[in-house]
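Per-chain numbering from 1; labels A, B, C and D assigned in written order.
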Amino acid sequence: MDPLILGFAVVNGLLIGGIYGGVALGLSLIFGVLRVVNFAHGSLLMVGLYTAYWLQALAGIDPYASVIFTVPLLFCMGYFIQRVIIAPLIWRESALVVEPLSALLLTAGVYLVIDNLALMAFGPDVRSASTSLDMPPIMLGPIPVNMQRFIGFSAAILAAIGLVVWLRQTRMGRAIRATAQNRDAAALSGIDVPMIYAVTFGVGTALLGLFGSLLATFIPITPNVGLSFGIRSFIVVVLGGIGSIPGSILGGLVIGVFEAIASQFVPATSAAILSLGLFILILLVRPGGLMGKL
Amino acid sequence: MSGDGTPLLQVRGISKRFGGLQAVHDLSFDLRRGEILALLGPNGAGKTTAFNMIAGYFRTDQGRILFEGRDIAGRKPWDICRIGIARTFQLSKPFSDLTVAENLMVGGFVRRSEIDEIRAKALEIADFLGMGHQAATEVQHLTAFDRRKLELGRALSTEPKLLLMDEVVAGATPSEAQEMVELVRRIRDRGVTILIVEHVMKVIMALSERVIVMESGRLIANGKPKDVVRQPEVLKAYFGEGYAARA
Amino acid sequence: MALRISKNMGAPQLATKSGYGRMATLLVVAAGVVALALPIAMPDPYFVHSCIVVLLFAYMATSWNFVCGYVGQLSIGHAMFAGVGGYATVLIFSRLGISPWLGMLVGGVLAAMLSVVVGYPTFRLKGPYFALTTIAFAEMIRIWVENTDTFLGIPLNGAAGITVPLVGESWVAFQFNGKTPYYYVILVMLVLALLATWRLERSKLGFYLKAIRGDRDAAEALGISPARYQLVALAISAFMTGVGGGFYAQFFRYVNADRLIGVEFSIDLALMSIIGGQGTVFGPLLGAVLLTPIAEITRGHLGGVLPGLHIVIYGIILILAVLYLPKGLIDPLRSILSRLSKNGRSA
Amino acid sequence: MTHSISRRGVLGIAATMALGSKAFAQPAEVVIGWILPLTGVSASVGQQTRVGAQIATDQINAAGGIKSLGGARIRLVFGDSQSKPDIGVSETERLIQRENVAAVAGAFNSAVTFPASEVAQRYKTPWLTMGAVKDEITERGFEYVFRLNNKAIYDAREQIDAMDFFKKETGKGPKTLAMFYEGSDWGRSHAANVRKLAKERGYDVVLDEAAPPNQVDFSSQLLKIRAAKPDALIVAFYTPDQLLLSRQMMEQRLDLPYGVHSVGGGTEDPAFYKAISPRAVAYYFVQEDRQVDALQGVRYPEYDDLEKKFRELLGYNMSAYGAQGFATMYVLKDALERAASSDRDKLRDALAKTDITSGPALYVGYQRIKFDEHGQNTFAHGAISQNLDGQRRTVWPAESRAKDIKPIWPVPAFGARS
């Protein structure tokens, strides 16, 4: 294989892999704290993408500027979903332990509702947003690096760092970590666990608002675009170690580079089979993932 | 009654290490047919580790565990159950969406295949536990103490020769503890040999003919309860912290 | 469900339970009579066709429930077993000329073999990990079949799928012009699956699966090797699902990977079982009987007007069921039955 | 594109069987069924077809319905296949049994059309294939199955024919081809046909690559194309993937001397052109099911009404799917008039004798509609357009070209475009 082509493949793999990791951050955070597998994760990204699209189509707001709207909006959606749909499950279980399967089914229901509401509201047509900023590719030696993807990649890294710092340094962050470690003990020491849950869910989906805005400029937007990211996000999170923030990014990078290089040797369809196989293998051999504490 | 004297279980030099921690070090003891042996020791002494090694939940790093003369070290929990060793768990783990009778039936399949027979046996055990009237109750509606009794009954349902019990009276009221002591005695009287890990001294004094004491993974004493509690190393290791604090 | 409760266990409850059991038995017998008479009473082919679809999903959901409901694990990959069964049935008939009746059984056996390969490593995983792994396995197989035209000389025909060669009305070829024969075939299959589940309830395997669902460690202490019994149950479930895939192929006369091995198909089976009441004999049947027509009616009446609405309704039902009927729709039905039986006694 | 569009029309005459007789009756209703993917990944196609068919139906009814049936009005009923074969079959059963349709049209996806048209055959109900291009659909000896549009093999042949023709015309042309297509039914079957024809015509296929649907990044595949250095690229993708591919090709300035040759799919979807920068699709060759330029000569008033209403309802210009839905209804109207009956057998016989050489049924751009003994419209053909100054203009066949149009061949590199 031509080393230049391989270099291209690695750079592309890192860029898209970082984006996968960034999109998966919220999934990992929510699982780490609430033990809820959010099946609607991809659908919420779709909401972020459409929000960015409509802000541009109706109000002429550049997708990059729309972050100031998408992030709060998605935070509220996440907060609302937790408070209204998932919290009753927690009350029913009377303990603060949600049965992972019930939660998975609930979020699967949310996914069906959101995706098809989007179909009813926006129709099945493909949309795209575009930025008015001029973004020529930057050159990494002979390899051009696409700016829009590079921004997505950088945002993923920064979001992960920001999240880690926030969880370590702030009162709220520490309360979230305490809740993740032992929700009963956290509740006993006066932490408002339901509120922590809702905030965590909100933050996890707010990240999707961010990536909705950043990806809207280069991802085709359809009501079922979430599916493209959904299953891959699960792979990324499991690979990196469920609940681990750096693990999410690392998992994304590994999958991105793995698929990019594999695709040079086999068709994309076979590469997809290989990454599913890698996913199964990791779960079986090292269920804690690359960065898991197991 | 102190058994017929022939050893049922012979533990020979078993050890277990978790990372840097030597949880059990070269532990040896015998358990005679028909006796109730108590395993004592402060928290972290390695009691539960030793217990889990016998029950097949942990692999032994070295040493042998002979049951009726056969080495069972390294066997899987379900095989160990099949050869006649039953156990209870420190935190009772009933099958909460099944009824009492159904809980008591599960273990019966190890010895029998006729379902009516198994059901009859399960109802008999329920009566034995004093829970006959609750046979059709779903376990999630039981009190904590009834769940403990059920845990014991479920172990009995496998018709064991040896019963390993982990802290059966933890959290029980004095009168419940008394009931449990009675129950354990009656189990022994049915011919079941018992190894019991217990913290509550009163229970041990009332039940066991012999105690062994562990500290930091090693055996430090072995004898009649009254004698053992006078040994200085036992006093230091055990009563110095755990028991004194509890009492 | 009814049958589970009718086990006579404790003396004091005996009266209630048998009263309840009698009601349940009556209901089952009545349902059976209705099921037998349906195509005669309502010979409209579309109606019979819809009934077959309901029964097929009921059968598939019952097969799913056989392992997943009883050990409390969520498989979202059961379609792979249906796919193996469906493809095997069609290929054995079209390539070797062997009757699909035999082909369905071979397909079932192949599905059971696949299930052992998949289940052996997978069953060590719990909860969402298990669910995600089953999706991954099924997706690997789906993508592979979609992109494989021939494998070892077997024409899988890639994404195009395979049609069943038409030979006209023939019992041997399992092809009928009318709907009624298919109806009775799937009805018999469903009854057999229900009987198998009913047997499971009172068998060692059933008790063992429920024990594993309750607590794995405790189950091990009672002489149960979880891996072994879960695998046995999975193999039986996969066999049943595979045979169902064979029926699907014969009835629709077409198999393709996108649908038959697709995630959506797997999700449908799981949802019907869960919404109806998993881990019970009749829960999956109830789920299929209620959900399939809802999907069909909303699709028929709203699909052309408000595309997507029927799936929204489906999603809302799922959310409500998980929140308010965690044991499935069978649970309130059960309490109604026992109330009725009490009233009956006092009257 | 042909591939994904299927047309299905079910004509049902509700309850008024007396109509067939010469007795003078109230204007009755003829029910026509359509099976379309109204939800799921192909929902866009289903909706466009539905709108096209509905507009045609409204026009027919407004113009007095089916005159030989005493002015019977046509009513459409739709079934949503969700692109799933079993659901398509069930919906076909419903339309035939419950809605009592006179004919069924559909169902875009070959995977649905295959088993669903067999249902129609079994019930002796005419089935008008819309969109599904799989050759075998009309090769099973089913006398009730008709197809207005191209077969898959026609699509591939037209693409290669056009290349051969440009080569002859200019003396220049590609030697090596790369194929990149979506890895499900349509893309793969098209690729198989191209592969076969390319070999016969002496083209060297240097890359043959499928991708699973709904990708989020094509960088790796573009690298492979770059490394293979083909003279031209043949693609077959649905809209989302086509959008991603076209954008990334422009971003990465992946130049192919003889351009991108797409077979319908996303490049026929008006939503695609709304979403993509015109620069990204400049000089694209698109194999189209509908030939806009060929229609410039003959305009029927129905066309203006159609195009206006279509834009009002969907927000973009007429698509090939909408055109097929529209044309299918006029083919059915023609057959109903001649059958003077909504009886399924009579309607079938009338359809078999269809020979349309004028009128709105030709809106897709065919010069004639006539079915062969397999039910295939042998006059079905597509055209190849090239995207010139932001418009797709027909460049092949030569006789369909507008006077001012000449293909740009080879195509300028991205760097050389203004």
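The rule we apply is simple: a residue touches a chain if its C-beta (ideal position, glycine included) is under 8 Å from a C-beta of that chain, and two chains touch if they have at least 3 such contacts.
Here the structure is a predicted model, which means the values were calculated and not measured.
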item: Chain of greatest Cα-centre distance to subunit B; value: D
item: By mean Cα position, the chain sitting nearest the middle; value: C
item: Distance from subunit C to subunit A - Cα centre to Cα centre, in angstrom; value: 33
item: Subunit A-subunit B separation of Cα centroids, rounded to whole Å; value: 48
item: Geometric centre distance via CA averages, subunit C-subunit B, whole Å; value: 42
item: Centroid distance [mean C-alpha coordinates] between subunit D and subunit A, Å; value: 37
item: Numbers and ranges of subunit A residues touching at least 2 other chains; value: 116, 119, 124, 223, 267, 269, 272
item: Touching two or more other chains - residue numbers and ranges from subunit B; value: none
item: Residue numbers of subunit D (touch at least two other chains); value: 39, 43, 46-47, 183, 210, 212
item: Which chain pairs touch, all of them; value: A-C, A-D, B-C, C-D
item: In the complex with subunit C, residue positions of subunit A that touch it; value: 31, 37, 85, 88-89, 92, 100-102, 104-106, 108-113, 115-117, 119-120, 124, 223, 231, 234-235, 238, 267, 269-270, 272-273, 276-277, 279-280, 283-284, 287
item: Subunit C residues touching subunit D - in the complex, by the definition given at the top; value: 44-47, 49-50, 53, 143, 146-147, 158-161, 163, 166, 177, 248, 252-254, 256, 258-259, 264, 296, 299-300, 303-304, 307-308, 311
item: In the complex with subunit A, residue positions of subunit D that touch it; value: 39-41, 43-44, 46-47, 183, 209-212, 214-217, 219-221, 223-224, 226-227, 239-241, 243-244, 247, 251-252, 266, 269, 271-272, 274-277, 314, 316
item: Residues of subunit B defined as touching subunit C within the complex; value: 55-57, 76-78, 81-82, 86-87, 89, 93-102, 105-107, 109-110, 113, 115, 119, 123, 126, 132-137, 154-155, 157-158
item: Subunit D residues within the subunit C interface of the complex; value: 38-39, 43, 46-47, 50, 77-80, 82-87, 89-91, 93-94, 96-98, 110-111, 114-115, 118, 122, 134, 183-185, 188-189, 210, 212
